[in-house]
Each structure stands twice: as structure tokens, then as C-alpha cells.
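Each of the next two complexes has chain A plus one other chain: chain B in the first, chain C in the second.
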Partner chain A sequence: MNTDRRRILGPQDARIPDLGISTNANNSMDIDPAGFAAEKRSSDIQKMFMKTNFISNANGSSYIEHGDTIVQVSVFGPRPIKSSFIEQASFSVECRFLPHLKQDDALDIDGDHHSNPNGRTGLSYTEHKISSFVESCLVPSILLDKYPKSTIDLHITVIEHNSESTSLTNLVNWITVASSLALVDSGVEVRDIVTAGHIISDGQHVILDPIEPVSKRTDCLVCFMNLKNEIVGIWVDGDLDNLDTAIEECNKMSRTIRGNINSYLLST
Partner chain B sequence: MLLSPAERQYLYDSLVQNPPIRPDARNVFQCRPLEATTTFLPSSNGSARLRMTDGAECIVSVKSKVVKTADTPNLLEVDVDVQGYRDDSNFVATLKYNLSSLLHKNFPFEALKLTSRYSYKLFIDCIVMSNTSYPLTIISMAIYLALKTTKLPKLVSEVDDVNVEEQPTFSDDWEDAKTLGEATGSDFQPPVFITLGVIGSSLLFDPSLEEEQVLENGLIVSFYDGKAQTPLQNINLALNSNKNNYKGLKSTHIVSAISMVNKYCGMIIHALDTLIDQDEGDGQVF
Partner chain C sequence: MESISFKPEILERIIPDVSLERHLKIGIRSNQRLFDEFKNIQILSQKSSHLLTTSYIQNGNTLVICNISYGITELLGGETPEQYSSVYPTLSISRGRSGAPTDEEMNLSQKLYESTLHSRILPSNSLIFKPKVMIDDNLEDLDTNKQFKFNLFVNLKVFDRSGPLFDVCHFALVTSLKAVKLPVIYLNDSFVKLSIDNLLAYPDAELVPLRLNMEVPLVSSNFGLYNLDEKNLIICDLENESEESNIISKVNVVSDGKAFNEFTLINGSLLNITRDEIKSLLRTSKQRAKAINSV
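Up next, the complex of A and B:
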């Protein structure tokens, strides 16, 4: 939505230069269709589909499909608040799984494996964890002090997630990408677009964007602001050996995704 | 206490020095002084109360139950209750998630096995009576103390019950009860979380409330089995400050966090062990 939020907008008839648009900008990753699942090479990132600006009453929205994962994010804000003055915007994230999805977590302690069974309105522990992780990833990128007296709310809906095949960290990887895409779409001013990389490694071999359960030693999700190579989010499970390499590989993956987001945004 | 912009700037400037100058003159790898009592809840298998100089206080109780292993997906259940926060708030839920994942990933579950059919299930209940800074470290240290002093009754019935179904029976004498360390036959040291604040190029162990308000980022690193472990995550430690300073990390921060944890956490664990030795469970809290 292109409403003015106290900023200098470009001219109405501005034209975007046709730079950096890859030939298959919409269907981003450069892998043949057969390159799914079993034939996926370890250095590949699986194909993804993204779309923005399709929810009319949200300020920004994004939709990402990636393998079995479908995530939709909408941004509401900056919205004015009624209570006392705050000097910069407050930013909040809420992540929800659709009720039919099984949340993979052994840690969902109450034996409660559905995100929203009848009668329960709160978030599950997994949903809370994802919300606070995504929030801490995105906060450094948003210019919150540009928006005093306002709130920015981000609503994440996990529409599809196969907990048998895809790890939670891989899901969070795409949630983070979708969230920053939605933020860009909303026109909230950001320092940089946050993108993420997820790898697993067994000590010697590194697999980018793993889509099948593989016996793993290290599972590493790192979110970056690529402009200055800042790490805004890190989530490591398993062994801590060779963490350097793991971070490096995540960085590569996040750069690839960033490249695709750039060309997508330029072409829309 | 929220700092004014001038105070924040002063504190920030002193913390980005190399080495940082902390308001309470601590070294970067020092935790705040703490006081603890263990084994004071008569109806729990293990308990600990931990207090910090800033008034933070946490009580942990460990209780056990005999369950059928096949019917129970989790042999450990952690519950966290923080005064002043709703149980379904993001703050409490994230604490609980982090502590559960720490314990699930780093725990000798074989110590809980009773027979081929039955196991102990541990319920770890944490109450944070008051806190100023992010309470993860204090809860996790209290869990350490409670688990370390947890005693489970001695099994007197047959261990092998594959063919003959038999209810486990236990020794009546509490003197026979074994700690988890004795059950595993090794020196059992439960995992702990260390909170590190990131500011400039420095990392600060166990940041206080004032420090949290000027930190650029936060890291939580687990320590188990003598070395840094996962989960390793970054986290926004400041609860109610406006996140003015919040920034990204460099990968050198993460590497040096791990090496600092490897280097200094052994001492923290040693200090906690000494504390247990000195505190000869007379059951007195005050």
C-alpha cells in the first residue's frame, strides 16, 4: 500500500531501471525441476516461489512456498498507538501454525501436538520460540526510531509444514526470509533485508538447505544482514565443531536468497 | 531501573573500552555473587534456592514419578513460573522452551532407567520469585544445584522384567537413595546456560540489568560435559528498554563466546559444586 507515511516519496511516474533481473526472476533458484529431493545436490538450494502484496488490508504481505513449507506473513503498521508517548516504534511478531499442522517438537511437553486444538487460543511453545527468534532477527534491521508513537505488527502463518521431513530450523529459515520480504513490501524503512541460511553437516560434508531427514551432527541456522555481513540471528543444535565453516556456508546460502529477493523486488 | 539517555551513553562508553569497565568492577568472565541453599524442600527429590545480590531469587524443585517408558515421550518436564508474567506470555514460553531443549539435548537419560519397562520421569519446577536481569542463567544454575542434589529411591525389585510383568518396588530407607551421579556411575554435571552480553568487540558474562539496557546483542551458550554445547542462540536480553543499541553480531563474537565458555565455565561449575559441598543439607533456608 502506497500511503504516505511522513516521508519523501519519489515521483509518481518514476521508472525502475531494468538492472540485475535474472531471466527466471519469479521462479528463482536455478535448479532443474528434477533436482528435487533425492537428486538435490548438497550445494543446491531448493526451488522456491515467492509473492508479495496480495493481502489488501495489510500494509505489506508475502508468501513463500519452498518444498513442503508454505509460509504467509502480513505486516500491519506503522499504526498509531493511543497510550503514552514512545520515542520509537514497538515491534511485535506473532507466529501461528494452522490448526491441522503437527508441530514437530518433542519439547511440546504437554503431549499437545496440535497448534490450536479446540478451546486453546494461546500459542504453543514452538510458536512462541519462533516468534521471539524472528523478532530478535528483524529488530536490528528496522529503523524503529523513524516511527515514534507507533507499533509495527508482524503476523506469520505457517500454512504447510511437514515436520517429518523438514526440520524446525529450516522452517524458521524460510519464515525469516518471508518476514523480511513482507517488511520490504510494507514500505517500513529498513537498514537491510534480513536473509537466512540453514545447513546441516556431519563434520566433513555440508548440506545446504536440507530437505530430508539426514543423520546430522550440526544443524545451523544463521540470519544475516548481508550489507555489512552482520549476524542478526543464530540457532545452532548439535556439535559446535567447525562452526566457522557452518556460518560461512549459511552466509553463502543467505546471499543466494538475497540475490533472488533483489531480482524479484526489482521485477515487481 | 531504566537509565536516562545520558546514563546509558556513559555506561555504553565504559563498556566498549578494552577491557570493558563494568559498573560493579567485575571482570568480563565473572558472574555476580550468589547465595544458594539445597535440599530444603522435604517433599521433593531435589531442591535448590538461589539468590543474587540484585535481589533475584529462584526456587527449583525436582520431583520424580515412575512411568512406563514406552508410554512416555519425555522423561523430563520443565515448568517455569516467573512472578509478574503470565504463563502464556512469550517471555515465559521462550524461557521454558530454551531450558527444555537444553536438558533434552544434554542429559544422561540412562540414569532414569529403572527396569526394561519402567523409568523415572523427572518434573523440574522453577519459580522465579523476583528478577531484574534476564533470568535464564539464574534458573539454569538453580536447576544445576537441584539436579545435582536430587536423590532417587533405590530399586529393590528385579531389573529384568521383560518376561515377567512386575511393579517396581523401592527401598524404604532414604539413606539408600542414590543421586543421579551415583546412578550413572560417573561425575554427573547437569548442563547450564550461560548468558553473554555483546557490546563492541567484548563479551560480558551474566550481564546485569543496567548492562542489558546498553547491550548490542545477547548470546546464550550451553555448557555440559566440560565444554560449550548447543543450543547456542542469540537473544534479545533487554526486556523493557527501548532497543536503541540492538545490532548484529560478527562471527568472531560467536567464536570467542565459545572459547570463553570453554575456558571459564569449568570454574563456574566448580564453584557451584563447592557450594553444594559446603551446604550440608540441614534443611534450613534462613
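Up next, the complex of A and C:
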């Protein structure tokens, strides 16, 4: 029985059909077996679009478009809390995908991705994973003790994400960058801007900011505070033979992104 | 004692009623719009695929992302559906909190559901279909009495709320409905039983636009009526806390530019509203709908 009386969810037995297999060869996604898309070199970072301060009822906001990925982040706070005194601000991150987006675990409340996605209330496993990773990356950068008895809330909305063409780690990379940008926009005092780099490696080749599906390869995402070259978060999927090279390449990418953020912030 | 002065935006939050009256007395609104001026509303982008239709709508600073997906149900034997159907909307407003939907979100969703149903824009027979069957890579008609129905699930995400949201959400919904294209649903020949669990959306056939009982999108317009010096002042497209909380006589009109589909009047402050005032509101809403649909 559908027990949610607060939302209009429609018939409970409605089923979202799967898409049949296309018999038209042109419709299938072409994947370069070497892992290099024709127009992108392995050391290139894809173009991105960023914008800040476009939501007036949040203290800070940012918007990033990168390939098939669109992420929006709002910062609410520092806001006073009603409970007893705490010496430093509490910081929370909540990441949500728009309901129709396919996530890696792709299971809704009933454990079935064929039912109405609007009925999902809590965070999914993927959303929890992303929220806690971003939170642990950003906490070292924020001067929380400047804001006693306060709370700073970060709300991330994944507006578009194609899980077939973009890996979860690449998405997290841009979520981290967008979150950091929103924090700067909010005026919350930070030690440094957190930026991230993402690579995939097959043992021989390393590709920065990959745009292909990443099966049978190793994914590595490293988040940095570039000012003192500090690592604030690492996410590795698969076996990584050479962590040093991976970190070095991620650092290159994060520095390039940082350069772009710096010039964007100076021009706004 | 020293007097304290506040900036207009601070005063608006402390004593919204006084702030509103002061503005209206000198003939301006706190948002700098004219009394008969509406915020600009536009479709930023719209796309439709086999499983989803997405629209981005901007109204002033407010951005609404509207996604329409669908689910299939089987019409049981002897079941005759109503002549007109509605959509199943859920709405969430980004305001830095999470959890159960707020009163506003629930009320708006219900209002959108009822507005779609009672404006009779979505005939049930445009959602009812008989599936095809795939035999040797060809789609053929299936000889069956079973009928199925598309149910449209709408998700609206609102960023940067600055006033009443029904107008923009309604516009997002109807323009997205106009863009909805439904796929051909088929039964693969590997399945023996015809049930909703075995139906698939055919990826190679052209999508079929949803048939609507609406030539051009309906446009909803809201008005506030405020008594100032014994005269009723008509204020179009309410915005900001001071207008929203203090103007409690409101009118909402839904029109396509030719006729009227819906008229709601809430006379919260018990004003003496004249026939000419109502005529003027109707005329304005018609002109606005015409102007938006001509773009």
C-alpha cells in the first residue's frame, strides 16, 4: 500500500518500462577501445561553465556544467542554532539527484527502479556516499571556529548526470569544485579553495577528466587545498599500481581548475 | 533618544505591512515594478527523450526545472476511465531544508493536479494504448483486448522563490506537457505473457507527441487587490514578503488568450470588488496570455 499521503504519486502499480535494445547500429554509443575520445587528448580537461550567486535566498550558490553533468550547490548559513552552545559551527552536506536520474545503485525505496521515482524520500546509498565524501573534503578548509553556535548547510542538487557516459567519480570531482565555489560565494571564511582532479588508468595510460565509461579501469579522484599542496580526500575505485603518478596527475588537473576558478572569481 | 533608520529591505522584513503601505502611497512597489507589470517568463530549454521530458523555465529570478516521466498501468476489464485525466505532480522548493514536504509544496501539488484535471486539457484516450509485438525485428499489431495507460509523473524543482509559485509552476507544467512525446510500447517476442512487467519502450520508432485538448499553452496570472484610501488598487504578479503576506485579496485567472479556463477569487480582506475591476483583471490576463503565446 502507498502510505505517503503528502505527495500525489499516482497508481502504485504503475511501472516505468525499460528501453528496448536498439536494432539501429547508429544509435549505439561508440566507445573508443583505447579509451581516448577522438577529439580529446588524454591530458585535456573538458570545457566547463561556472556561475555563482544566482540564488538570492541562499547565502552562496554555484552552478557548474561539464559535459553531460550539471550540478547546482546552495550554501545556507552560518545560521544560528536553537540548542545549547557549541564552540564551532556544525557543517552538513546533503547531495540529492533529481528523481529521474539514474544512479549507480539505481534502487528506489521499494528496491525497484521501475516505480515512480518521485516517491523517494530519504537519501540513496550513492547520495549518502557523495555527501559524506564532500563533507570530509571541505571540513578542513572551513574556519568553523569562527562561527560558534551556528550551522552551515550545503545543499547539492545533481540536475543532470549520464551514468552511462560519465563515472560517479567524475561527477564527485565537479560536485567538490562546485561546493567549494559556493562556499567562497557565501563569504564563509575558508583556509583555501578545495579543487579536485580525476584520472582513469589502465596501468599504462593515464587519462585526465575522462569522458568515456570506465569499466575495467582504475578510477582515482584526489581533492587538494592547493595553497599548501595538502590532500583532503582520495577516492579510488579499482586496483591502483602507482598511486604517486595518479596523485601527481590529479594535482595537475586540480591546479588547472584552481587557475580557472581564480580568474573567474577575479573577473566577477 | 536617537532615531534609528533602516534600509528599505530591512524595514520590509521587520514591519512588512507599514513598508507596503508606504511604498503604495507614493505609487511604487518595493520590487520597482509597475502595478500592472508582470515578471518576464520564458522557456530556457526543453528536450524530450524516450523516458523523460525536461523543461527549464525562468520567471524573474525564479528557476523551475520540470521533468515529466511516465509509468504504465493496465486497464482492468470493464474499467472505463474518466473522459479527462490529470498528471501526478510533486514539487520541491529549494530553501535550505530537507524532510517532509511543506504545506506550500503539498498545496501547490494538489492545485496543479486539480487545475490540469478540471481544465480538461488531457483527454484520457490520448494516454490509452494497445501494445505492439516485435516479431523478427518488425513491430506488428497485437491481437488482444487488453488496454494499457500512460500515467504522467511530474517533478518540479524550484530555485530562488520570491513570490507565489502557482503561475510559474503551472506554466512549466503545461509547456512541458506540450513537449511530451510518448514512445511506442511493445512486447518482445521472447515474452509469452502480456503484462506490464514485460512491456518495453521501442527505441527506434519516432516518438509520438502527446495529444492535448489545448492549442496553445494556458497561462496563469495572479493579481492582488489592496485597499488604499478607500480605493481598490490592483497589483499584478505579487512578489516579496510584504506583498505576499499583506495582500490577502487575490485573484488568479488561467487563460489561453482567447477564453478563460479558470477563475479563482479569494477576498481575504473583504473588499468591495466591483464588476469593472474584475473585467479589467480578465482583460489583462487575456492580453498577457496572448503576448506570451505569440513569442
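Basically, the second predicted complex is superposed on the first by the 215 of 268 C-alpha atoms of A that agree within 3 Å, B and C clash if a C-alpha of one lies under 4 Å from a C-alpha of the other, contacts with A are read in each partner's own complex, and residues count from 1 in each chain.
We adopt the following convention: a residue touches a chain if its C-beta (ideal position, glycine included) is under 8 Å from a C-beta of that chain, and two chains touch if they have at least 3 such contacts.
Just so it is clear, the structure is predicted and the values come from calculations on it, not from any experiment.
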item: First, second, both or neither for A:Ala58, with chain B first and chain C second; value: second
item: Partner chain in contact with A:His100 - chain B first, chain C second, else both or neither; value: second
item: Contacts of A:Gln88 with chain B and chain C, given as first, second, both or neither; value: first
item: Chain B versus chain C as contact partner of A:Gly238, first or second or both or neither; value: first
item: Touched partner set for A:Leu144, first chain B, second chain C, both or neither; value: first
item: Which superposed partner A:Asp202 touches (first chain B, second chain C, both, neither); value: neither
item: Partner chain(s) touched by A:Ser131 [first = chain B, second = chain C, both, neither]; value: first
item: Where chain A meets both chain C and chain B, residue numbers; value: none
item: Contacting residues of chain A [partner chain C, same complex]; value: 6-11, 13-24, 27, 54-58, 72, 74, 76-77, 94, 96, 98-100, 114-118, 121, 153, 155, 157, 159
item: In the complex with chain A, residue positions of chain C that touch it; value: 50-52, 61, 65, 67, 69-74, 88-90, 94-96, 98, 100-101, 106, 109-110, 113, 134, 137, 151, 153-155, 157, 159-162, 185-186, 188, 196-197, 199-204
item: Touch list for chain B against partner chain A, complex; value: 73-74, 77-78, 88, 90, 93-94, 96-98, 100-101, 104-105, 217, 219, 227-236, 242-244, 246-251, 253-255, 258
item: Of chain A, residues touching chain B in the complex; value: 86-88, 106-107, 109, 111, 122-123, 125-126, 128-129, 131-133, 135-136, 139-140, 144-145, 224-225, 228-240, 243-244, 247-248
